[in-house]
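Could you have a look at this structure, given as structure tokens, before my questions?
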Amino acid sequence: MLLRDKLSLVQIFRMTWKLDIAMIIFCTMAYYIDLYWLRDHISIPLTITAVLGTALAFFIGFNNNQAYDRWWEGRKIWGSLVNDSRTWARDLTAFCESDALEQAPTLARRMVFRHLAFVYALKAALRKDGDTYYQGYLNPDEVDTVAASKNPANAILQLQAVDLRTLRDLGAVDGFLFRELNTRLTAFTDQLGMCERIRNTVFPPSYLFFTRVFIWFYVMMTTFSLTENIGGWAVLFGWAVGFVFHVTHQNGLSIMDPFETNPMSLPLNSISRTIEINLLEMLGHSPLPSPVEPVGKLYIL
Amino acid sequence: MLLRDKLSLVQIFRMTWKLDIAMIIFCTMAYYIDLYWLRDHISIPLTITAVLGTALAFFIGFNNNQAYDRWWEGRKIWGSLVNDSRTWARDLTAFCESDALEQAPTLARRMVFRHLAFVYALKAALRKDGDTYYQGYLNPDEVDTVAASKNPANAILQLQAVDLRTLRDLGAVDGFLFRELNTRLTAFTDQLGMCERIRNTVFPPSYLFFTRVFIWFYVMMTTFSLTENIGGWAVLFGWAVGFVFHVTHQNGLSIMDPFETNPMSLPLNSISRTIEINLLEMLGHSPLPSPVEPVGKLYIL
Amino acid sequence: MLLRDKLSLVQIFRMTWKLDIAMIIFCTMAYYIDLYWLRDHISIPLTITAVLGTALAFFIGFNNNQAYDRWWEGRKIWGSLVNDSRTWARDLTAFCESDALEQAPTLARRMVFRHLAFVYALKAALRKDGDTYYQGYLNPDEVDTVAASKNPANAILQLQAVDLRTLRDLGAVDGFLFRELNTRLTAFTDQLGMCERIRNTVFPPSYLFFTRVFIWFYVMMTTFSLTENIGGWAVLFGWAVGFVFHVTHQNGLSIMDPFETNPMSLPLNSISRTIEINLLEMLGHSPLPSPVEPVGKLYIL
Amino acid sequence: MLLRDKLSLVQIFRMTWKLDIAMIIFCTMAYYIDLYWLRDHISIPLTITAVLGTALAFFIGFNNNQAYDRWWEGRKIWGSLVNDSRTWARDLTAFCESDALEQAPTLARRMVFRHLAFVYALKAALRKDGDTYYQGYLNPDEVDTVAASKNPANAILQLQAVDLRTLRDLGAVDGFLFRELNTRLTAFTDQLGMCERIRNTVFPPSYLFFTRVFIWFYVMMTTFSLTENIGGWAVLFGWAVGFVFHVTHQNGLSIMDPFETNPMSLPLNSISRTIEINLLEMLGHSPLPSPVEPVGKLYIL
Amino acid sequence: MLLRDKLSLVQIFRMTWKLDIAMIIFCTMAYYIDLYWLRDHISIPLTITAVLGTALAFFIGFNNNQAYDRWWEGRKIWGSLVNDSRTWARDLTAFCESDALEQAPTLARRMVFRHLAFVYALKAALRKDGDTYYQGYLNPDEVDTVAASKNPANAILQLQAVDLRTLRDLGAVDGFLFRELNTRLTAFTDQLGMCERIRNTVFPPSYLFFTRVFIWFYVMMTTFSLTENIGGWAVLFGWAVGFVFHVTHQNGLSIMDPFETNPMSLPLNSISRTIEINLLEMLGHSPLPSPVEPVGKLYIL
């Protein structure tokens, strides 16, 4: 997640230089094609080009809308995870600490710790970075089972369910509380699956591919049209117009896969840490870990 | 689901050649009509054509929006199916294995297997491909009942309910767990019905038909207008402009029925297999089936 | 629901002939007004007209969006009705057939039959066609009560509740199952009310009225502008441009009231029959009614 | 809620005459400014004006979209109120009439009557018309408490809760039914709060204000541009173009506050009466009140 | 929340003067660049500029849409908080006042007061203004625990859960009511987390940054184009056109972070006070605090 809403020229250049060079070469070629060949034959009416531009603005807008929806849905899912994590810890700590049963509070605390393992295992799976930090919140005998699973986060939920049943058998959780806690496990399963859905479903690639092709086509047409009006300056303005369309399209692309690790992605590290701090505090743990620091004061992962 | 966001010229050609030929013939005809007859009488102002183009961009955008919503809703339904399948298996395996009752764990396992039959029967029904793979997860005596039903997936849910009641009668499931499990059966019923709704409800055909007619009308008008400006080149540019509109419209159409078996459809095979792997692993089954391979590294069904 | 996405010229003509004649008369009048009077005074710039066209495309798009939302919401409500009907029948048949109580299974079956009465009574109310088919699924002594009610479908739900209470009093339904079944009754109440909301709430008529007025104004302006450029051909092109806008607007209107009985409406007959077939099959009834046939292979009600 | 989708010229005139006069004066002023001063200096290119028009169409479209969403959300809330009212009455009449307890059915009936008080008190609060019709459905000793409250509708819900507890203490309502009924009370609280949210939250006024300013600016620019082309006719066409934009903007404004009492508002009188008729019928009351009549056959409140 | 939908020229000037000056300087520079250098070389076709303007209208529209959604989602969350607060108080006061247990009603009342602490602590956290008003609704021994927490609002919910358990242990709350009350605690946790999500997630800054850059580019292009047509007047019209785009963009920005304390933000003070008045009244408290007054009759915080 970017933190600043101002970008220096250097940053813009760093983000777009490949595109800029490609466009300048492309516009220059279009310019010479028009200059030495095409203009002798035809003069393309600007209105045709203008309609293309308007239609393109639509199609880019459509893509950006869907990209933003994917990004914001991802954020909402992790927001729900924060909320349900707090509820999970509160339900376990406030309602299970039956004095009569020594085992119950210990088990409840372990289930809160294990939930942190769930959060970090989910993050590792989404980012595909092989992060094993989550194992620190598991019992040694659980680590192997979980790591061997095709879906570690789901395996952790299975362990939670087994412990929930033990709590129920001990009498520390009655039917009503059982439904509360199991509702939470269901919610975690849903959040896990929803994140996987967004990560694994590529946005229809032909939409993106053709939008990109049409932008290049529009840049070419614009350069042709401008060459006839303003000569070599057409390269400059062709680039400028192309810049507007390409960069807007790129903006959309950059948030389309919100669980990647680029500056525009969702700050999963930071959100996971928030959950960690909140839950450890609710357990009375001390000292608490410190929040995630921004990378170069620019963005936060 | 397409996997790559780059298409080669060959692929584009294979996707669009019929359309390309139709458009080139159409534009050539428009060119000659204008050349030998119409231009003697009138000269169509480009602005009129431009408004048509803008309006068309709107209507195509509207159709694509709705198409994407259908596709994404389909994906969400199958995502929920993944989530609820995991919850179903976890609830059954973790909470029903009562040591006192030998019958209960066996029954619970059978209900997990039968759920895989539900998933594959739903897939077969949506794709209308007569796939009977689902029968492998049913008891022999159930196969006939289910196959004879007008709606096999719904018949499987009926069998699940009967077994759920047996679990309840055995005392392996109390009222609270009964509601959890029945909520899941209700969710499967909803997902079944929602998939049927999308598959059986055609998008208002007059929207699509008239949008296509208007695109052809716009291509004709553009060719007329261009002929007066750039002569025979009008065929080339008429085709190019038509390509932008037609291909964008086609992109929408290609995801409007997300349960078909074309490269743009939802990867139901792959999602079903994911559920299968997850559930078999939760049952401790081994070896697990392998994930679905992409077709020609290009797309995944 | 239209079934085919191709319309013959004859069909288009049948759908639009009134409009076509009105437009041709209107454009001809505009042509003569411009020819014999207005052109001597002014020449309207095309750009002004173009902005009107763009704005109109917006407003039509807005109306169509809302129309589609109404239509699709209607379809979703009936989809939920299908799902909840199946759940209702499954819950009643699988969980209530207590062997000890002879009365309970009979009552449960009667409640499934009575639900079919609810579905058909709802359909009759939405279509206002006085269809009394629903009475066949009611006991003779219930028919009068229901028919005398201001809201037959709601009266049927009241009967269901009374029987549900009997089941509870008999001990065939415990508290947990009671809540499941009552949740379903609540869902039917909601679906009934949501259908009534869509049917009884007219889309703000001033939106539609002024959009239509503005389309005519735009057609007039276009004809004026074209007359100055292309003479009598203005009538033809004025009609063509008007056709694009008017037909798109009509497309929206045709699905705005999705419970009517025109070819674009929702196929309530067909959906009701699907519910009927599913529920009768779940009761082991035989033979089953056959699905609804399309009207002239063109559309399905 | 307007009932007719055709407006006579007289009605249009009555709705827009102030605006029409203001625009004609404004355009005339713009015309003379251009004629006697501005045209000697500059000639504004129409394309600049056209872009303004397109942008405006966007901003108006945005406002109308949000206005429609407010209106439709308001309608949905009242739709839910209808549904939950019916469920409330059904639950109370069908499940509470325990023969052993004479007090219970009387209490249940009183709670249905009191719900009608809730509906009418909510309507009075939303319309701020001081209507005290709701008091007729309260016991004499309750009227004062409710009227003295800062929020009468909420005070009524408090009374309902007290009676619900009495029913529970009497044993006429068990835990399961208690949750059903309390869920309904929670729903009424939500509907009350959601209506208040829409009524009390003004749409960001700067959006509306600047959109209006920009429309006037656009009308001025159009008149300037037209004066140079068509002289005095510019006033006519400036007004016509302004009419399209202003009226569309007004259409949005007119449904932005859906609980007012103008012809475009939601028909709260009619919906309240529908609830009243349904609930009284469910109680076996007779005769029933008659539905609300349209005002002048034109609109319904 | 602004209260008036009319702004005086002074207010507009106060809101936009920095921007106005920047634009006038910018346009003047563009004018001189064009006048003394660029116009000798090229004449930029207006159509190119027009397409940019149309595309910009799109991108601004997209940003405003998302901004409005954030604002309205924030409003909805606080609306739910109002509703759930009333339900919380009603459930506690109506259902817990068991005569046998003296402790229970006192505890229930304390939980209502503590909820007011939650509301004010949430507001203070969202506005980051260090407001400690919430401490007045806590017991002295709770103030320190809460203030020391990383997340005071969450710590208050933890206290509520502990008291809820005491109520349950006392027998004043049975399992059914426990689920009602805990559902409410879960809702408060969700509302807390949803507010944090909106406050902590910046809207993708590159969208906003580039939109602003493109507006300036468009203003420059417009001024260039106009200079060639209307000379020095280009500065005036360049500013006017830029004003439309910049102000619309600013309108979106001003509601993007709805929990700030500027005139366009959500009136959290006022909503919190509404909750306070409602809950104190439900407790029979008197006198009640008075509603929040608007600031300078212009806006309400």
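Letters A, B, C, D and E mark the chains as written, and numbering starts fresh at 1 in each.
The rule we apply is simple: a residue touches a chain if its C-beta (ideal position, glycine included) is under 8 Å from a C-beta of that chain, and two chains touch if they have at least 3 such contacts.
Being a predicted model, the structure only gives us computed values, none of them experimental.
For this pair, chain B with chain D, the centres built from the Cα atoms lie 38 Å apart. Mean C-alpha position of chain B lies 24 Å from that of chain C. The set of chain A residues that touch two or more partner chains comprises 47, 50, 54, 58, 61, 175-176, 179. Taken as a graph of touching chains, this assembly is arranged as a ring, one closed cycle with exactly two partners per chain. All the chains close into one ring, and from chain C toward chain D their sequence is C, D, E, A, B.
The touching residues of chain D, counted against chain C in their complex, run 1-7, 46-47, 49-50, 53-54, 56-58, 60-61, 64-65, 68, 71, 75-76, 79-80, 82-83, 86-87, 90-91, 93-95, 174-177, 179-180, 222, 225-226, 229-231, 233, 237, 240-241, 244-245, 247-248, 251, 254-255, 264, 277-278, 281-282, 288. On the chain C side of its complex with chain D, the touching residues are 41-45, 47-48, 50-52, 54-55, 58-59, 61-62, 66, 149-151, 154, 157-158, 161-162, 164-165, 168, 175-176, 178-179, 182, 185-186, 189-190, 192-194, 196-197, 201-202, 204-210, 214, 217.
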